[in-house]
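Naming follows writing order (A, B and C), and every chain is counted from residue 1.
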Amino acid sequence: MRGIRHLLLSSISAATAVFMFGGISAANDRITMTIITKDPDNHFWTSMVEGAQKAAKDLDVQITVAAGRDQSDADGQIQAIEFAIQRGDKAILIANNGPAVNGAIKKARDAGLLVYALDTPTDPTNLVDATFASDNFQAGVLIGKWAAASLAGKPAKIALLDLFADKVVSVDYQRDQGFLKGMGIDIKDPKKNGDEDKTGSYSGGKYEIVCNQATNGAEDGGRTAMENCLSLNPDINVVYSANETSGVGAVQALKAAGIKNALVVSIDGSCRGVKTVADGDFGAVSQQYPSAMGKFGVEAAVNQIRNKVAPKPTAGIDFTNTGITLVTDKPASGIESIDAKKGTELCW
Amino acid sequence: MPRRARNSAGNEPAAKQTVAMSAPETETMTAAEAYRRRALTPMQRIQRVLHRYPQISPFLVLIVTAAVFSFINPRFLQPSNLSLILQQVAVIGALAIGQTLIILTAGIDLSVGAVMILATMVMGSLAGYHGVPGWLALLVGLGVGASAGFLNGLLVARMKLPPFIVTLGTLNVFTAISLIMSGGRSIPGDALGDLLTFTNVSFPVGPFQMTIGALLVIVTYLVVGGALSQTPWGRHVYAVGDDPAAARLAGIEVRRLLISVYTIAGVIFGLSAWVLIGRVGAATPNSAVDANLDSITAVVIGGTSLFGGRGGLIGSFIGAITVGVFRNGLALARVDVLYQTLAIGLLIIAAVSLDQWIRKVRVRK
Amino acid sequence: MTEGVDKGVPVLSARGIVKTYGPVVALDGVDLDLFRGEVLAVIGDNGAGKSTLIKCLTGAEIPDVGELRVDGQKVDFRRPQDAQNAGIETVYQTLSLSPALDIASNLFLGRERVRSDFLGRWLRVMDKRGMRKEAETKVSALGIRTIQDINQVVETLSGGQRQAVAVARAVAFGSKVVVLDEPTAALGVRESAQVLDIVRQLRERGLGVILISHNMPHVFEIADRIHIQRLGRRAGIIKPQTHTMPEAVAIMTGAMALDEPSSGAIVPTGANNEAGRN
């Protein structure tokens, strides 16, 4: 008897989980689509998803959310694409984790689905019907230029806090190489971090790259990486961090070491990041608009499905640029920027 | 006079008390014997059958799950979807073969995914960067798998280190080697040539689409399954897992058998790498992050005991498909990915509970 | 009971066996002789080295020093299979049965029969049906009738039935020597009698049987000679006809010693001794 109870309990709980959190998807003529982001918990992606979900609600469209397990999980994204096809979705919005998903994207388009790329263009870019992105390289260039200008000719001792050491991810090298380019340093291979000359000249004087450390994009990783760099050279005065979360960790390490006037720059434009600018801990950040990407993507997809109108790319490039703005309270001459107060209105 | 007295010859009288191989006599029974020979209730009959054929229970779980999901979303049963499930579980299914062999010997292999990735990157680098012909790269990849397995087996069998610890160590070693070799970069499928991506080619089987990779996995199941159930080697695998001291005393070379098991598993992991390359369309060092745990999940749901000596490949095959069915069904029902993970956890607990309940049966006289 | 013993070359003989485990000396120079058609009982207190001696004789352990001969020929057993190949079968105290496998599988464990056709020759496919039939025959030939189903898994058998299977295995394959380590320890009266019957059968077939037992009545009922093990050495060999159980126990515990180990005369060794009876 105990055994039967066991059995029933387990099956009921499993079934309940399914029924409670699922939904009986009967055949209906509501438009359904799927948004696939790079990983499930980074704030950048969750705000993109929020933007998309809000637009979907406004347009009476059902949107399913999926993501890779982390920024290099192409497997999971391939599976998500396959499920979207099986479910009978009309469109897929995807921030791809690498060219491994190309085959699946092609399958989806062959099956008649619309596929848009969000944030990260596919390679080749015409694999998809449209792309909504902001240029991560350009984001890096902006903070690089700002840093070079703010140094005012002083020799730069640079710490580069990248995202990953064990995987190669486009946003990682685009932001890092963009920053160095903005500083006027020869970046050699633009798809490779860490291959630059360790010393040389930047646009305003001499530079020395002290370290390339990986943070995994996390706050504790940022702190550890910064501490490692400081043990190599305690006179670091420029810190690039690939995202704001790791940058915040780096700031803690700098404060603990008593360093007050290093220039810390980052990219994302989250509300936390903008606040860190307002507090004076970040010198400048490049602000991106993931929520807008989500929103525009959904709106354009619906427009194309309902009204057969294809989205038009921004003039001069083959994608729709959702914009990057430099946010700083210490503007540098010749570089357009907004202050932290304005940044807070736009943050996510 | 006690009923069980001997007669004068020192032998016992003919079969009254003992339950002999011929039909028992029923006229003069004690109360206890009458209790023992009572008719089995239907539930106990079911338990008995399940005890003899342990694969039935994971199979039932699979059927019930599939039925529930097809009710939720009729698209579930479409041939294209069923074909998709098979493709999606092919890699984990292949890994589960090797993992089953190892778990049957009361061992466990945490480096399963790492070996597969190592083989993937070696094959990929040879074919993609060094222009080695596909078939040779594939053979080298299988050899890499075999060597990695051999190393694990050597450490377990000769150094007598617990498999958990050995494979925890080699997991890190193999992962590091893969990353150092690849620098974290993937090698796209076009650079790899046709043979390495051959496992992605699909062909129709009636209304279903089957990939070469899935077919390869099924064939491997049949071959290894046949060896396990029909050859002395297979029987020794069970004996060693069940009671290694008894196996040794019976004359089985336990060390040699363990090394052979880990090495063969390694070759199978190399084969999985081939299937993986076809599925992902590239040689990537970061794929299949959860492969280690997923392979163990498939084996456990399939009813193979982690203590060794019991279970089999059929169960693992069913287990792998069950996990795939679950994920697929939940995705079709538009359930959030996070809840999918929760559901799989519940599934494991349910499957193992059912299995335990069955094992509580003692075959009654 | 002792007619028909071939007093020629011993079927199994050991000289000077020494076995140490680190600082522990388990066997300190033990000699043993076993002849065809005889039952040699080995008795001794706990820690006297009986099980270790058996393991050294059957390849389960490798002695540090010492010489083993089978039918006069020097042998060197490196592992259990060597002893099995030499015709020596053993039922260890722990039975060495695989609980999850069925009776037939256990019987043939380590020496599975392969089919005689193409499948067997090329693919090493086992002849399961043949083994099952043979197992049924062998088990019932021993008069063991309590086992209903040869497909039963060993862990579902009672202690006595498992013992029966282990004994059946040794009997089935033993061609020269069968060694039984405490075969009646877990058995009831009726089953023990069955085992002793089997031992008699083996003796009649001309094999040598070594029987380790704590059960003095059984030992005195069935043994031709009794090897007494004490503190890692052979304290002596006695015969049931010429000595009594209390004397055997006294020698085992050291209260008495044999004057000359082979002559059988007993002398008391110290304070707590019982008077010997001649």
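What we mean here is this: a contact is a pair of C-beta atoms (placed from the backbone, for glycine too) under 8 Å apart; a residue touches a chain by one contact, two chains touch by 3 or more.
Computed from a predicted model, the values in this text were never measured in an experiment.
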Smallest number of contact steps required from subunit A to reach subunit C: 2
Chains most often in contact, by C-beta pairs: A-B
Far-end chain from subunit A, centres as C-alpha averages: C
Inter-chain centre distance, subunit A versus subunit C - centres from mean C-alpha coordinates, in Å: 75
Rounded Å distance, subunit A centre to subunit B centre (Cα mean): 39
Overlap residues in subunit A, where contacts from two or more other chains coincide: none
Contacts with two or more other chains, residues of subunit C listed in rising order: none
Residue ranges of subunit A touching subunit B (in the complex, touch as defined): 3-4, 6-7, 10-11, 13-15, 17-19, 21-25, 40, 62, 64-67, 69-70, 72-75, 78-80, 82-83, 86-88, 98-100, 102-103, 164-168
Touch list for subunit B against partner subunit A, complex: 43, 64, 68-69, 72-73, 75, 78, 80-81, 84, 88, 179, 183-186, 188-189, 200, 279-282, 284-290, 327-339, 342-343, 346-347, 349-350, 353-354, 357, 360
Residue ranges of subunit C touching subunit B (in the complex, touch as defined): 60, 79-81, 84, 90, 92, 94-101, 105, 109-112, 114, 123-126, 128, 140, 145-148, 152-153, 156, 190, 193
Residues of subunit B defined as touching subunit C within the complex: 4, 10, 12, 15, 18-21, 230-233, 235-236, 238-239, 242-243, 245-253, 309-310, 362-363, 365
